[in-house]
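Paired with chain B in one complex and with chain C in the other, chain A is shared by the two complexes that follow.
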Partner chain A sequence: MPDTLNPTAGHVKLGSNSGQPMSRRDGIAKVTGAATYAADNRPDGLLYAVYAGAGIARGRVTSLNVGAAKAHPGVVEVMTPENRPPLALDPDEKHHFFAWRIEALQNDTVRYAGQPIAVVIAETLEAATEGARLLAPTYDEEPARIGFDGGEAYDPPTVGIGGNPTFEKGDAEAAEARSAKVVETKIATPMQYHNAMEPHAIVAQWDGDKLTIDTPNQAIVMARGGFAAYFGIPPENVTLRSPFLGGGFGSKAILVGPQLLCILAAKLTGRPVKLTLRRDQMYGPVQHRGATRQTVTLGTDGDNRLTMIKHHSVATTSSFDEFIEGAANASQNTYATPVLKSSHGAVRQDTGTPGPMRAPGEATGSAALEVAMDRMAEKAGMDPLEFRLLNYAETDPASGKEYSSKNLRECYAEGAKRFGWAGRPLAPGMMKDEHGRLKGWGMGTAMFPAPMFQAQARAVLKADGTAVLETAGADMGQGAWTALAQIAADGVGLPADKVEFLSGTSDQPDGGVAGGSGHTATAGSALFAAGSDAVAKLAEIAMKDPDSPVFGADNAGVEAREGRLVRLDDESRSDSYADILARAGLSEIEGNGTGARNPADAEARAMFSHGAVFAEVLIDPDLYQIRVSRLVGAFAAGRIINPKLAASQLNGGMIWGVGFALHEEGIHDPRTGRPVNGDLAGYHVPVNADVPCVETLLIDEEDHFVNALGVKGVGEMGISGTVGAIANAVWHATGKRVTSFPIHISALL
Partner chain B sequence: MTLSISLTVNGERRDVPLEDPRATLLDVLRERIGLTGTKKGCDRGQCGACTVLVDGRRINSCLALAVSHDGAEVTTIEGLAQGDELHPVQAAFVECDGFQCGYCTPGQIMSAVGLIAEGGADDPEHIREGMSGNICRCAAYPGITAAVQDAQKRMAAEERKSA
Partner chain C sequence: MNIFDYVRPASVDEAVTAGAQPGAAFLAGGTNLMDLMKIGVAQPGTVVDITRLPGLDGIDTLPDGGWRIGALVRNSDLARDPDFAAACPAVAEALLSGASAQLRNAATVGGNLMQRTRCSYFQDPISACNRREPGSGCSALGGVTESHAVLGWTDQCIATHPSDFCVPLVALGARVEIAGPDGSREIALEDFLALPDDEGPGGAQLGAGELITALILPEGSSAFAANARYVKLRERTSYAFALVSAAAMLRIEGDTIAEARIALGGVAARPWRVAAAEAALAGKAADAGAFAEAADLLVAGATASGDNAHKIELARRIAVRALTLAAVGTPARMPALPASVFANGADAHA
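Now for the complex of A and B:
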């Protein structure tokens, strides 16, 4: 295949679709109520399942009043460990690096509050709900272990998904002893719950040994394999449909117990079953971000250059599985330092198992690092931005590698200009607004890896000059329906409105995972490659056809543009896709593509997205109520496929930073282990009035190494700089340093 | 026990045989009538995803028992557009990117229609306050505020024209 049509051969110039601020292609479906989320499905004969959750956090279920539940009008069946149909896999085993140990009524053990202990299946939701209440379980209860002092402490073998728990470059203790200044910063972060607006939901129907499930999922084809394995059927017997996810943020990537319970209920009753979690049931079996206690130690020399960064984090996990927030690893790639040390500890508690939650590791770790950097700037008597620029990393501090691209300097400059950072007083407590509120300005560096995973895609060019491109991608709000379609259209050299983009179903080519901020880069690369493959096949036909205006041109001598192959040496000569196919007697031509990183590039360069976030807070001088009055983020993330959607993602990420800094805190009662604030009135997330002014600047960045498209990712980075920026602004307003999140009013009094 | 209620939903009269007095208006709309555009986010009035208009006022349909709204006029997200022509609030949400995942969007839009009718969408601060009963976890708030403001202006201009 000729070089110019090979998308892996360097930086590909994209056509007119990518880069356009197109409105969402799924927009009309979403504003009219036509977009179908999992719980909107109502197959004939549908039954409703409601599970009863454990009222204790540790122990055994000793009785359930199954008779009372069954006697309730409308109740069809009650599923308990006694009558639950068998599974082909043991849910207590870890079958896959991306599989959690889950609860599927395998026995009477209770491992956390809210764990499913029985499922009531009824003709109506009301009857199932009442039936679940009538079960009135009794327990043999053991004391709950909650918090850092409750359960077993241990050294985790991995952090995050397979991450290294320890890293050391140079001798941190020696560097600390040699440093002119040393600042130690301790930061605590709480358990946080994803709280996607769409509660986890599933509709399951069996047809013999074929299973159809509607459930939101961030990694559709992988999930299909997981479900199939649990039921001992081939993956192709499972159809998983997930056209729209009502938010995921990491919590809808991994198979969870309630999904299996719904499928089992459908098996037990022989009818389709719907199971939707109540909001309060989302504080247990569907993951959360573990709490952390972190210590960041920074050293500098006489010129205020970093001599060392030492970051230690202890995170909570469950008693029976682990996902350790890799907070300390977030310090490895941001600031220049000759000596680095990261380490992690873990503590088990009687809660559900944590999982990846938007910017896992980076959100928590950078919060601590950015507060630490601000404290060191204060100690040095320097402006926080000036101190960060002095310690700007020209190469990746952990690996010593060059960055594939890094336009952070411009992010700092443009963000500071837009925010009006210049002239900020160094000392805290110097500014007030016109109402006498204390005003503070703070900043932080945003950083997130730019990974790629694996994805496949298929492209079909049709005789009518249109194309169909497909991959089982997932749109949980980030805009995959639109951005991936833009890339797909460029891949086949057509305007976006001539391309039908199919996604969100497991019978399509594997679109990989929508996670790690790598979906656009990965699935987009697959789609572009599939399109290029189809065009290359078309070009080969045209080149050999004496009737074609591009006859005889080498493959490299044509370019695909607006549905035509155009000769580069004579642009007046071109041939339409439709004509080429018609003369060849073909109704369509198919191309296939894979998205994955070139291993040599991955080895050669450090790949990250970057940004700078500037925050203003206003604080009531009597009540100490904190308001984030302004946020400006400037971000460089390679090629931006759709600036409108990317800005929304980054704004949303920054607002997650507001939630992290000021609102979010999952509290479990240390006596019972039960969630104290397990709903949206108790677990606070930002509302509209909390974020009066948020602005994203997209900074140009060309990257020749991340992938042929030059695409990084923007899904998670926004949160990472924002938390520290707000904490630092609070200090600048009040002189009080933040030691734990969320920042409570009581911490400022 | 079978109760029967009658609702006018999006201009269409619906006689709903109700076998269960515990059913909320939200669950009647979604599970019995089959209008699934209205979403359930919390089922306890904390998130606003289920917002519909009842007799012209915005309410959380998860907190309304269906039997207590016998005879009511209900407008849901499915009833806003005139054929293919979007309601100005719907069009503004698309244009201003006032959503990401789209799950809270029907509630946001119905709430915005209600807020504009209340006269509470005259400036961004009032919009943010008036829309704060509708949580968007994707945090598309800048786009939501812009969309409501944009729609309010367009609707006011239309009204002046037709007056």
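Now for the complex of A and C:
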């Protein structure tokens, strides 16, 4: 029975929609092709744009054979810095904390290989593609600077988005000197590219100074404002439609150059234009995860309790902008330690600018931290899980604050039980499978912040007993269409099939960003509040209406159940939404709500999701091919709105961890700066055969502080513990410690 | 992609005529050609679609016990042909270890022989590549070379041949049947896939208009059916080219090896077969000592072409592994993970 309470204080009791393992509401549409992704749109008169990417990593374009491109049949126009329509903002200006310096043909400078240097617009995709090839650019080339040794080192002013590059609690050097044991661990991680299944695509149409764009985006209303700013028009003149994203992983949150180029091409030609990146074009202008070189130093006392954690990370960024992977910050909130120091350096190289990529900082940083913890456990002669439990953080190590909730202890216990961790030999190289393969078990702690952003939502209760709830949310495949609809239905006290949920378009209330693992919490809170607001208004009318069965219930109150308001002091007396509205002569009633964290709770508590990941690897004893034969993750992330989708997210995170540990590596030729493996044949991600057995356990956790719904987030955490768990399992199988990811056969040989 | 003419000949003769025109390319499964056209590496003026040519899709046994396999037979159809898979299990296993099910359903026998190297410098039109543009140089030298050759390479070219299928075929002494403007000819697959030398980058030996019509497996190819394996090393469990691979086939009489065949993949511009290695196994007991000796002979003379010296040791070890597994015997059923080092065992989930 759905029921609804107004979110006053403390824990809200949700109705029967939340908590159910509902299948994706958009599933049928997706598998039958009815779900239109951006590139599926074909407005009348559509032209196709293809940009030419720079073949050098640094220098200047000296010539383009525009004539040859224009002479190619079907080519309509070629856009270069010479004829590119003006922008209201310099694309090299960081006008917003979420704005990157991007390339929109502002000049002839080349800053990385693959940078757009001209756009060919044609009647067909094929003509535009060939036209772009015919441009045959020449360059004034300067040597490429690639990698840690090729680039210029500097101290970054910020890490992540506006984060502090250093943090210090206590005197790390003094603590190190006092420690009974000290272990220093060095770990390198490579550049990684997001490689969403759906490449970045955009269809742009101008109607006077009104702009309509179809493009996948993780922060729809914010993006609308960004596009409007670049083109000098009011945000309300922009309609951005992003109902479905074929994966985003962070790379579809920030505006990128090719999107502006498509809109400019539409302006230049006066016709609708589509621009879809080819797979090889996704290794340049649409961000990546910077490479890191990390050093983690752990100290312990005579009882094997941590005395200090010192984590330093150097990350690569571009020559002209910065996004520094905040890897060292991952050590601030995981294990109890009196002394903490995290610090970052950076190296500029001739690549595109990095950006947030699923668990930015936590994925890379925890990979190093978990290997370091395993090495210290080894040095202590302790079981890795026992060592982690000994150093369990009861309060947040960095801030000293209490956690809003933390059920990691049960994650450890349940995960270990399910995996069968007990009895694991301490020493490496002790286990084999029945075919003589080396077998190893490793574990790691998963952790990710539980942030909230800002979101709005609207709810409309209708006279026919149904409701419409809307917010500009983003479904990247994680299931927002379903999970947010479940919360929305509970907000109005109706079964999900009586609720129409609208999302994914910029003319809806701002759904905030689908990122930082905070979308369900934020947009969900807004939807629930909007629904509650509408119900409260309805109750106000009913309780003052002498003809209503709930007349005068003010003190006792009413509860929304299945489209009726029920008196709490006499459940036999209830009134339907439809009757209340009919008597009041209303066709509908609207409620509005916002989602944001209570500042006092945010100040008082540390808020994180947690988990424990256990990995088994099998390794060929001669050829050293590695296979992750089992992964078990136990996760506590507050209230789980949809266990099926949440487990799917967490499984996906762990599978990403397999890719991080064993496969993913963006390689650029150090001589030219061009990607060497810029396609999915060369840039490997796991296939089904790599993940034969992945299991997520959802551990109950009640949180009274994160938000009224008690929802944290599950989008990114699954990667964080997994990479280290696999590396530790590889050690347990072989006795060889991992020093860089991905773990290559050659490193074990 | 450039604008090209498309023709669909009705007979092999018509195809040969069309294919002899400058800039023509034959299209069969298209799993490699279309990719290369999309990235501008292949720019045929005419695409000659041979997919509907009659008579090129047979899998036939020959009177001498050999096999004739039509050039248009799909990889998946050949691998799943029960008679062929029983007779030449290592060939079937190699086929099923390559690419994905979707690609194997499209790719053809002839096309597999004609597939181009996956050297990333070959696939990057801006890089110098003697294979793509003779005389332009080799950008792979001094570049990123994990997938490159350790045997049979020269400064002209350090690329490897990517095929799995061709590795057991070379070991079996397969021949290529070719129709051309001057009639038909046959050439050993090993010679068809020429190594680079000091003058040129090597590659498939096919003249203008010449069309592969069939693959011939010689008499005696079925003699190894009881002891034949293909083993493929890679860092992803499936859907990846071989870092190194090996096909091993033994004809065991009593306690001794009567005849052995072994070839390596992923190490050279063609599957690597060494007569001395096979000869060294003949008459010996199928044991570790014999296998190690053969493997040493197989990789004799190997040198790194870049940062890939570890492939030499891996090649030696995979040769030993393939021989060891072949000696154990061909599995009764095709493993769920064909050719994988994880092929055997309850954990080898399909």
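In this section, the second predicted complex is superposed on the first by the 740 of 749 C-alpha atoms of A that agree within 3 Å, B and C clash if a C-alpha of one lies under 4 Å from a C-alpha of the other, contacts with A are read in each partner's own complex, and residues count from 1 in each chain.
Methods note: a residue touches a chain if its C-beta (ideal position, glycine included) is under 8 Å from a C-beta of that chain, and two chains touch if they have at least 3 such contacts.
All figures in this text were calculated on a predicted structure; none of them were measured in a lab.
K.L.:
Please work out whether A:Gln478 is in contact with chain B alone, chain C alone, both, or neither, and reply first, second, both or neither.
P.N.:
Only chain B is touched by A:Gln478; chain C is not.
K.L.:
In the overlaid three-chain picture, which partner chain does A:Ser629 touch, first (chain B) or second (chain C), both, or neither?
P.N.:
second
K.L.:
Could you look at A:Met197 and tell me whether it touches chain B, chain C, both or neither (first, second, both, neither)?
P.N.:
So A:Met197 only meets chain B here.
K.L.:
Give one of first, second, both or neither to describe whether A:Asp669 is in contact with chain B, with chain C, with both, or with none.
P.N.:
The answer is second: A:Asp669 touches chain C but not chain B.
K.L.:
See if chain A has more residues touched by chain B or by chain C, and give me that chain.
P.N.:
B
K.L.:
Could you tell me if A:Leu645 is touching chain B, chain C, both of them or neither one (first, second, both, neither)?
P.N.:
first
K.L.:
Once the shared chain is lined up, is A:Leu618 touching chain B (first), chain C (second), both, or neither of them?
P.N.:
In the superposition, A:Leu618 contacts chain C only.
K.L.:
Give one of first, second, both or neither to describe whether A:Val31 is in contact with chain B, with chain C, with both, or with none.
P.N.:
First partner only.
K.L.:
In the superposed arrangement, does A:Pro692 touch chain B (first), chain C (second), both or neither?
P.N.:
In the superposition, A:Pro692 contacts both chain B and chain C.
K.L.:
Please indicate which partner A:Arg133 is in contact with in the superposed arrangement: first for chain B, second for chain C, both, or neither.
P.N.:
Touch status of A:Arg133: second partner only.
K.L.:
Which residues form the common part of the chain A surface touched by chain B and by chain C?
P.N.:
Comparing the two interfaces on chain A, one with chain B and one with chain C, the shared residues are 126, 130, 278, 681, 686-690, 692.
K.L.:
Quick one: in the complex, what on chain A touches chain C?
P.N.:
55, 73, 126, 129-130, 133, 278, 280, 433-435, 437, 618, 620, 622-623, 625-627, 629, 662-663, 667, 669, 671-672, 674, 676-677, 681-682, 684, 686-690, 692-693, 742, 744-746, 749
K.L.:
Contact residues on chain B for chain A in the complex?
P.N.:
Those residues of chain B that touch chain A are 19-20, 22-23, 27, 30-31, 34-44, 46-47, 49, 76-78, 80-81, 86, 90-91, 93-95, 97, 99-106, 109, 124-125, 127-129, 131-145.
K.L.:
Show which residues of chain A lie in contact with chain B when the two form their complex.
P.N.:
23-24, 26-37, 39-40, 42, 74, 124-127, 130, 195-199, 244-249, 276, 278-279, 475-479, 644-645, 647-649, 651-652, 655-656, 659, 679-681, 685-692, 694-695
K.L.:
Okay, in this complex, where on chain C does chain A touch?
P.N.:
Result: residues 1-3, 38-40, 118, 120, 124, 126-127, 142-144, 233-240, 243, 310, 313-314, 317-318, 320-321, 337, 340-342, 344-347, 349 of chain C touch chain A.
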